[in-house]
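Each structure below is given as structure tokens.
Okay, so subunit A shows up in both of these, paired with subunit B first and subunit C after.
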Partner chain A sequence: MFRYIVRRLIQAIPIFFGITILSFALMSASGNPVAALTFRPGMTPEERDRIAARLGVNDPWPIQYLRWLAGDDWMRWDSTGDGIADHAILVPLDANGDGEPEPPGDRRGILRGDFGTSFTKKRPALDILVERLPATLELSIAAFLLGTPLGILIGIIAAINHGKWFDNVSRILAVAFTAIPTFWFAIMLLLIFSVQLRLLPIGDRCKTSLDDSCPPVTERLQYMVLPVIVLSIGSIAGYSRVMRASMLDVISADYVRTARAKGLTRRMTWIRHAARNALIPIATALGPELTFLLSGAVVTETIFNYPGVGLTSFAAVTQRDYPVVMTVTIYAAVATIIGYLLSDIMYGLIDPRIRFD
Partner chain B sequence: MKRLGSVVVVLVLLALVVMPVIAQEGDLGPGEGAPIVAGNFGGDISTTNPLLVNDGASADIVNRIYPLFIGNDPESGLPVPGAARSVAADWSFSEDGLVMTVTLRSDWTWSDGTPITSADVKYAYDAVISGEVDSPITSFVEPYIESLETPDPSTVVITFKELDCTAVQVAANLAVVPAHHYSQVFPSFADITAESEENLNPGVTAGPYNFRNFRPGEQVTLVASETYTDTPAGYTVPEGFIYKTVADQLVWVEQFLAGDITYVDSVPEDRQTEIAERGAAGEFQYYTSPAGTWQVLLFNTADPANAQSGRDEDGNVIEQTPHPIFGDVRVRQAFVHAIDHAALNAGAFSGTGIPVGGMMLPQSWAYNEALAPYAFDPEMAMSLLDEAGWVDNDNDPETPRVAQGAATAADGTVLEFALTSFTGNPSVDSSVILMADQLTNVGFKVNLDVIEFGPMVDKLLGQTYDALMVFWGVGVNSPQDMIDLLGSASDQPGAGFGVTSFYNEEFESLMQEARTLPGCDEAARKALYDQAQQIVYDNVPMYFVNTSLVPVAVSGQVPNFEPRKNGIFWNQAAWAIPPQ
Partner chain C sequence: MAQPRVSNVIQLDIELLLTQRRSESLWARAGRRLRKDYLTLLALGVIIVLTVLTMGASVIAPYDPEDTDPVNRRLLPPGTPGHILGTDDLGRDYLTRLLYGGQISLAIGYSAAFLTLAIGVVTGLTSGYYGGQIDDIMNWVITTLDSIPSIYLLLLVATLLQRSPTSFILVISLIGWTGGTRLIRGQTLQLREREYVVCAKAMGASPWRIMFLHILPNTLSFLFLALASGIGGLILAESTLSFLQVGIQPPTPTWGNMLSNADQFFTRGPHMATISGLLIFVTVLCLFIIGDGLRDAFDPQTTD
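Let's turn to the complex of A and B:
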């Protein structure tokens, strides 16, 4: 299995670069962020050009991508040690045309761990992501732990009780919760349980106070209830439908009938023989599900004022904050690759017919 | 004796009734009030450095942890000596008006105990004019101030380049920073960069509050300063100030209604009626203050396909190619005559819009009362279009007019333009739709171009739009700001705010005269500004859709919310909210 994982990780490298190139190209096509960043009275064209040159946003996007990837300390450098750039390749020595060379490049690029500085927040983009990760992780892990087992369990029970009231009700609810838009469901929950009934807080990650940080998760579970329900409800609905269908296929298979004919109890047959094989399609869905959860949910985090990755990536996109957008993109790409890898590994664990070698 | 006893009893009873009211503020000592929680809808702060602050969220924090050089009177909104949170105790001018001598107060120290002196002003000034700091303050002071000297720790002498009636406002742009601390943290001015760690963790401050921490995505926490005295109570009453990030307006308002947030300083449009009713019912305190902006429709008077600067490098006016439609003042006048403002106000602003005729807002001393908004007169609009050479050649009012002898467009050109606006604001969304409908009735063809804010700014500053709707304004008491929006020197595609490419020599001359009028008599200056506004009114480079009242809701738990005309929260550091 180790060799398989290594092989898959190596195969993932071109996928990773493909994702980043596509993302960068799309983002660059959305326009130059300098106008919005310099929208203030008294700003002169020269000053604006200087800022654009410093950010490097006037370069062709492949150059910008290369700078983001491998830095620019090798694109424009100072060979004499006087602090003034005197050599340049790929980019002009004087980018803003003011007759003066630009300062030497100081970015190292993501390949050397430099994810750049946020255009709007003026802080390292990686720091911004890392600050937001805990909030997203606590929601996504809770949603995953709630949604996946519950969805599978409901699917199994519905299949076992095929055609009975539980099956019918769970199917209707599954379709309903799949169809209901997340933003509407989230707002309704907020209005009912927080605003009207006052049973739960109106958004936030923890109680507002002068304290230096939020208390541990265990002391603020009430803040997680609604966002976790919203995040997991889709999983519950989806998994229950997939599991039900899969279980129905399996329990009508010959080997299940054989097991029953050999005298195994119904419960033993469903759990040991049927359920395990019925889980195979679930493994397919787990990869993308993991990616979705880890990447943060923009709508859920916004409505519940939960400061996670989704919320910050949305703001970064609307502000054309390239370094933050790309950092989140990398994170999401890595999460996707890991998610699909886990899916494949789970295949092997669940389905004995699959061999990694 | 019995009578005296009765009097004493009455006085004691009266005292029991009255004393709690009198002592309401005094009941809570320094830092004993509950913290104020304000919602921040603008995203995380980017800095707390007064030299670098350039966004509303950061400014909200800077205004609570740093002194001002010159402060404003909360009633008039005008700079006054000795204003709260300011270091300028007094000032005077030389006879020629070129030299301003400012005397600083001597009773204030930074949070580390170091006295605040003229060196702190000098450091800030030197930094912003050094050319090494990317400071938004630079453009407000460098063109006007010749030099700034500090002969002693309590005196700042500012020499202006020319007689300037706005000198005090110019000087008020100067910052006050802890020079002794900054010179250690930033070895050179070039080190004062947006990326510095000091910016989000300031070591030394002075204001109603001290900085405690910044929790990204969650809040900025300030705690009461123990040495601040510029409040009606003589100290900072709240234990702290929490600037809480709120991503969604629904959550913002509901958290206020639930008591989690102390005030909402700009109630979202869709909740204004409800909040006003609940405020009137006594559920909380409700106040409306005149907005400092108008919703305005800007006309690009120059050809968007060939955006040019208003002046060349030598300062000479560049004659620009006129916009094919809005290059003709009669078309712009026809446009505004075609708008039924009453219908627009009812449909897009729930009747809350306040019509304005000129550039200055009604609460300003320079407001020109004579300028009534253009009347809704479709006949006049069509007549003006006919006169301008835009004719209804098929006698079908449903189809757009075409050029026939128009001064700025070839014959056969359709009277068609893009009306650009940005997404996310309900009143803007509604007003552009209603406007488009009304304009169609007189023969315009309007293509709505509703885009995100960033791309809209690109079009605005790039001057590549035809007509564009935005919220904008000049300083309520700073009529000189009009030149920033309509002066040819500001007409710089890609950067300047003179985005309409409007040029009127008389307007610019009046503005210059008002700025440099010997003696700076306010009435005489107002007369000049009135004339300037009249020119803008007649030439319609922009159509002022309206201004409005900003609704503010404050928790009923704040006993001493006392808004002033130009300072709703002027006494916030004395708000005595009972501790929970």
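Let's turn to the complex of A and C:
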């Protein structure tokens, strides 16, 4: 098991680098960041050139990628302590040829947690992500805690009542909720429950306050109801379909018939013997579920104006705040890799038939 | 154990032939099965009607989609004389915009789905058939692309490009092809070990011939499923991005961007929040149903 986890972690390394290359390529394609960084009237072209040389935007792209990935504090550094760079590898000491060395590199690269500074908020991009994470986690966890058990339960009941009305209705609803556009479903819920019935708030995480803080979750549950329903409806539909199919597979297995033959009640066989084994395929759905919760949150948080990672990343995209966009993208990708890894490990833990060696 | 005599075996075969009906082609059988599948037929009918209506928008639509009503430059409720479904906040005829918007949404869904499937078929067949290093590299590319939640990829790329429908189709196709590749690759991996493929290989068929003439037709039921649900999924993706205003930009209408400001008109014009979303929902639902129906109809494994 341990060896398997290590092997899977090693396999994740090339994928992580693939993600960084892709993200970097997309960011580079978006154009020169100097224009965004030096948006200040009265700046001379010489000053702009100096900033460009310091940022290294004219370097060949492998160097730029390396700088973004691993930083440049080791590319050009000051060994004497006088504040002037005196050593350089990979990049020239004097990049713009004005006879003076460029200042020592001060970036540490994303591998060491330096995702750059947000263009719009002038703060480290990682701080912005970390600050917004709790709001997203509280939505995702709530959606997960609601969606997974409910989906599994509906799947089990549908399988037990195979071919009866509950089965048919739940199957139709499952297809319908897979086809419904998330954003429109959210709009409809808002229209009905917030505008027509005035039962629930129309958005936000809590009442607006001066210091932008929110009370504990228990005092603002009404704000979470609609976003959590929107986020979890997809997983309820998905899980109920997987669970129903898996349950129907298992119910006709020999050991379930044996259990019945031994004289166990129907209920006992379904819960103790069938449902437990039917849960195995659910484990594989947990990885994609994590991705879904993270990416579904962009739309949901935007509609409900819920200040989490999704809303932040959407705002960053519209403002072309690339450091923040990159931070969020890489965070989401790493979370996805971990999600898939976890679901593989869980698969192995739950199903004793799977051997890792 | 006594071997059956040759003559007996032949006689058995002849009897079988006589009792069996004339053998049916894949398409004929699929057609026969579909004729009994009323749900799929209904869904197919809805999609055909919607497609014809929207593609004929320039003939059917009573107004120009970007022209505002010269008298009433404001939101009119459905049922207003001259505007069956009312107008939007700028006084543009809502029915007209629905038809033109559907034209763009459906056209994007159809063409992007064909493009993704074409990429998926070529990459899936080659990596599944050749295996080895080609397959390893392809796997790496797919896993990398799939590791970034697609909404982030779409948001990233959408900001880079001009928001014309053509570039939009290219973008969502370049991001969305991995599903098709996975599907076709999986099927190819299974089929390439089958006797008839080994036999074709032994007879000297070229890899190209084996891939496209022997393996591809056997994945037909999956191709139809992938195509129909692909169109649905891409319509959802387009409408989501256009709704978020990073897809197709106004004044060009799509079913998605017509909902962008809907929340501002909840009380004055609920029709602006309901109708186009309902159309997306119905369209995608029908496409999913068609996908399932076609897969069942074209599945060579199932018997009636």
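Here is the rule we use: the second predicted complex is superposed on the first by the 280 of 357 C-alpha atoms of A that agree within 3 Å, B and C clash if a C-alpha of one lies under 4 Å from a C-alpha of the other, contacts with A are read in each partner's own complex, and residues count from 1 in each chain.
What we mean here is this: a residue touches a chain if its C-beta (ideal position, glycine included) is under 8 Å from a C-beta of that chain, and two chains touch if they have at least 3 such contacts.
If you're wondering where the values come from, they're calculated on a predicted model, not measured in any experiment.
Asker: In the overlaid three-chain picture, which partner chain does A:T318 touch, first (subunit B) or second (subunit C), both, or neither?
Answerer: Both partners, subunit B and subunit C.
Asker: When the two structures are overlaid on chain A, which partner does A:A333 contact: first (subunit B), second (subunit C), both, or neither?
Answerer: Touch partner of A:A333: subunit C, not subunit B.
Asker: Touch test for A:A29: subunit B only (first), subunit C only (second), both, or neither?
Answerer: Second partner only.
Asker: Once the structures are superposed on A, label A:I15 by its partner contacts, choosing first (subunit B), second (subunit C), both or neither.
Answerer: second
Asker: May I ask you to decide whether A:G155 touches subunit B, subunit C, both, or neither, giving the answer as first, second, both or neither?
Answerer: neither
Asker: Looking at the overlay, does A:M43 come into contact with subunit B only (first), subunit C only (second), both, or neither?
Answerer: First partner only, subunit B.
Asker: Which partner does A:T208 contact after superposing on A: first (subunit B), second (subunit C), both, neither?
Answerer: First partner only, subunit B.
Asker: On the A-aligned overlay, A:P227 touches which partner chain: subunit B = first, subunit C = second, or both, or neither?
Answerer: neither
Asker: Quick check for you: in the superposed arrangement, does A:G287 touch first (subunit B), second (subunit C), both or neither?
Answerer: In the superposition, A:G287 touches no partner, neither subunit B nor subunit C.
Asker: Both subunit B and subunit C touch subunit A; at which residues?
Answerer: Residues 187, 190, 195, 202, 302-303, 318, 320 of subunit A touch both subunit B and subunit C.
Asker: Provide the residue numbers of subunit A that touch subunit C in the complex, in ascending order.
Answerer: Against subunit C, the touching part of subunit A is residues 14-15, 18-19, 22-23, 26, 29-30, 175-176, 178-184, 187-188, 190-191, 195, 202, 291-292, 294-296, 298-299, 302-303, 313-314, 317-318, 320, 325, 328-329, 332-333, 336-337, 340.
Asker: Using the touch rule from the top, collect the residues of subunit A that touch subunit B in their complex.
Answerer: Subunit A residues touching subunit B: 31-33, 35-36, 38-45, 47-48, 51, 117, 120-123, 128, 131-132, 135, 187, 190, 194-195, 198, 201-205, 208-210, 212-214, 301-305, 307-308, 311-312, 315, 318-320.
Asker: If you look only at subunit B, which of its residues touch subunit A in the complex?
Answerer: Checking each residue of subunit B against subunit A gives 35, 37, 43-44, 46-47, 54, 134, 136, 138-140, 194-195, 199-200, 212-213, 215-219, 221, 223, 239-240, 242, 244-248, 250-251, 254-255, 257-258, 260, 452-455, 457-458, 460-462, 481, 484, 490, 492-497.
Asker: Quick one: in the complex, what on subunit C touches subunit A?
Answerer: The touching residues are 140-141, 143-153, 155-160, 232, 236, 239-240, 243-246, 256, 259, 262-263, 266-267, 270, 273-274, 277-278, 280-281, 284-285, 287-289.
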